[in-house]
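There are two complexes below, and they share chain A, which is joined by chain B in the first and by chain C in the second.
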Partner chain A sequence: MIRGYISGSSWIHRIPAGVKLAALALITWALFWTERAVTTGPALCMALALYLSVGRSAWGRLRSLAFLLPVFAFIALLQVIFSGPEASFVSVSRLMTAYLLADLVTATTPMMSMIDAFLWALRPLKFLGVQTQSIALAFALVLRFVPFLMSDWERRREAWRARGGRGAGWVLVPAWIADVVRLSDRIAEALDARGAHNDSRSKHAKP
Partner chain B sequence: MRNRELARLSIFAALIAVFGLMPRLDIPFAAGVPITAQTLGVMLAGLLLGPRLATMSVALFLLVVACGAPLLSGGRGGLGVFAGPTAGYLVGWIFGAFVIGFLLVRIRMKSPFLAALSSSLVGGILVIHLIGAPWLAWAAGLTLPQAFLASATFLPGDMLKAIAAAYVYRLHHARVSRSERNA
Partner chain C sequence: MGQTSDEWLKLEEVAFSRGRKPVFQNLSLTCSERRIGLLGDNGAGKSTFLRLLNGLLSPQQGRLQVVGLNPASDVSEAMRAVGFVFQNPDHQIVFPTVLEEMSFGFRTRGLTRAESSARALEWLDRYGCAHWAELSVDELSDGQRQKLCIMSVLALEPSVIALDEPFSSLDLSTRLELADLLARAPQHLIIASHDLDLLQTMERLIWLDQGRIIADGAPGDVVRLYVESCRRHARRRGMV
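Let's look at the complex of A and B:
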């Protein structure tokens, strides 16, 4: 499993999340307009140098990206056959650079700074009636639900196996989904009871 | 937005994650091709939430992934997956979930299973591949036929997932209409 954030205090860690995201978007956008190896080759080297500047933990992360190599090898092979070696190098080095830079931002930005930066960028959604504090609440609920649903599913499957069930347990899914929907209604009641108002049209909504 | 809708779309976003992380629900169909149940979660969101909430649910899931949570199948996550050549499929999920929910309430079919199956096939497979494959072609410098060919290796697994999603929907539909009759 790839870890998200690597704690540390390198110079990249200290750049604000929003600046990193904006820089990443700009560089990635520029990268896909280049068609020449003289640009993409050095870009890849610079991305690797950035990893080096973060320190040891970032190098360890590079090794864990080995699972991507088959994909890149497949693309490189197709490109060499159909478009020649230079086009192949450009495509693969460009993809690798984009991936490495994006992953570097993830590695050096705590999840909470990241969501804050995204919520700031999503503020215009207010005109569509979506409040950013609703997104923040939903975000927190997802993070809480994932481990809960995982263990709930495992519990059901074990109970089923203990009664002689075999295989992956597909037959359990429909009843599980029904219970999950029911659970979400209870969560909503709990939110109501605790005074979380997310309805911008409701007269009870916070100003 | 009501808390009820908020809780429901959040729990379906979490379900999409759980379907992707379940190791034992992997379908050992084609060796080497990672077929996971993750898009089954996307299809179910479209079928059970309706177009508006399903779109928000999938978008929320992708936001959590983009922020660094390793919730995509295989434990992938972070911004890297959105810079990769297969990012178009992830974006396709948002539109796919919308189309599934949109079609389901408009298709006039007697059988809820067939209605769910046909909207899953169009929204959950056709729409996702129509966005994912051109993106793959553009990002990886492939031609469109090559990209669609690479895309097609996922079709058998996708078909199975559409059938599974329609099956779950039919049972859910029966359950809901039964409890409505009793109420």
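Let's look at the complex of A and C:
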């Protein structure tokens, strides 16, 4: 679900964020209660059709999901071995449907609408003294920066390979984590500078 | 601390340390010019200086006043009065689309979503970028992302804009475009940079080294002294 928004005005773009999020929650919940291929198979087809109805930009995005195929193939293989072919199909089609629908919601919903929907849903927590604005902002930051960090990881791995590195590049993980920590500090500073925290003291950059 | 109508920035014996390492000791300065440049090697204290202005950092000693505010005690007001543009736009941009990013500043000022979007569109239009509104920020070039950051700050109409090496990774034409955008801004500007061409356009240039002011005055004179000093250092290291 963690990828960017596709600007557009398709019919799915026009559905209110709260409705889309509620439908996503309901369908995902229902999917995990069914054990029959006659239900999960058509659900996957429906998710694909919805995805494609958004337009050309979504088709390109669909192609970029190919990197997930080995993961799904691995899950399918394990399921075939331990539970049989039908259970394998049900598991994988269920996961693919949930992923596609979640990605579709992210792709067609502006962040502000999503945040407003979350704030509405989190309203009861306000009575318990929870700062729901902070939760919503944290949600926005995750959606914005996870793709950024993933592409940063890819750039780092590419540089490593260009210099003769081999394998998955696990040796790069500590340096990458250090970069993530530095990045989070800079983002917090930028948020402070933009007045995102309403208290009167910068939270992170004290001497 | 007295401040005349033209003096918008005043430091009196300001001291600031990071851990045990002093960055500034007894730094005193008064500024009335609208365009001020900060020059110096990496680690000279330029970025720290800018962060003191809007309360991101607080001095441990001395007194500081920016447009009549003390950023150490009036942090919220100082952050409203001093807009900040960071070196890397990717650290500043929080939202996935241009309109949402522009709107964010207005939301933090208490405007509703509809009001924020309307104001953001108005400002995008003012800079000829209304067609960017629905674009994903990932579709923008580095220069366009930095322009978005600058527009986001300008839209909030602060009294001062502090820019920390804002053009460091941009091509020449983008630099010229953004420099022109800033030149037209009515605010007081204070820019930390290594870009000597940009710094030459300032009204006053301050050369910092290890937290001390080495030279302060007309940009042409300060740049000449700085370049001569850099050449001497390079010669000593056997690089030139």
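Observations
The rule is simple: the second predicted complex is superposed on the first by the 127 of 207 C-alpha atoms of A that agree within 3 Å, B and C clash if a C-alpha of one lies under 4 Å from a C-alpha of the other, contacts with A are read in each partner's own complex, and residues count from 1 in each chain.
Here, contacts are C-beta pairs under 8 Å (C-beta built on N, C-alpha and C of every residue); 3 or more make two chains touch, one makes a residue touch a chain.
Everything numeric in this text was worked out from a predicted model, so none of it was measured.
When the two structures are aligned on the shared chain, A:Ile27 is found in touch with neither chain B nor chain C. Contacts of A:Leu149 after superposition on the shared chain: chain B is touched, whereas chain C is not. Contact with neither chain B nor chain C is seen for A:Leu62 once the two complexes are overlaid on the shared chain.
Contacts of A:Gly195 after superposition: chain C is touched, whereas chain B is not reached.
When the two complexes are overlaid on their common chain A, residue A:Ser7 makes contact with chain C while staying clear of chain B. In the superposition on chain A, contact is made by A:Ile135 with chain B only, not with chain C.
Touch criterion not met for A:Leu50: it reaches neither chain B nor chain C. Comparing chain C and chain B on the residues of chain A they touch gives the larger count to B. In the superposition on chain A, the residues of chain A touched by chain B in one structure and by chain C in the other are 4-5, 111, 141, 143, 148, 183, 187, 189, 191-192, 196, 198, 200.
Those residues of chain B that touch chain A in the shared complex are 1-4, 6-11, 13-15, 17-18, 21-22, 24-25, 44, 48, 60-61, 63-64, 66-71, 74-80, 82-86, 139-143, 146, 150, 164, 167-168, 171-172, 175. Here chain A touches chain B in the complex through residues 1-5, 24, 28, 32, 67-68, 71, 74-75, 78-79, 82-83, 87, 90-91, 95, 98-103, 105-107, 109, 111, 114-115, 118, 129-131, 134-135, 137-139, 141-143, 145-146, 148-150, 153, 157, 168-170, 173-174, 177-178, 180-181, 183-185, 187-189, 191-192, 196-200, going by the rule given at the top. Put simply, chain A touches chain C in their complex at residues 4-7, 110-112, 116, 140-141, 143-144, 147-148, 183, 186-187, 189-196, 198, 200-202, 205-207. Interface residues of chain C facing chain A in the complex, by the touch rule stated above, are 16-18, 51, 54-58, 60, 75-76, 79-80, 83-84, 86, 88, 90-97, 99-100, 103-105, 108-109, 113, 117, 134-136, 138, 152.
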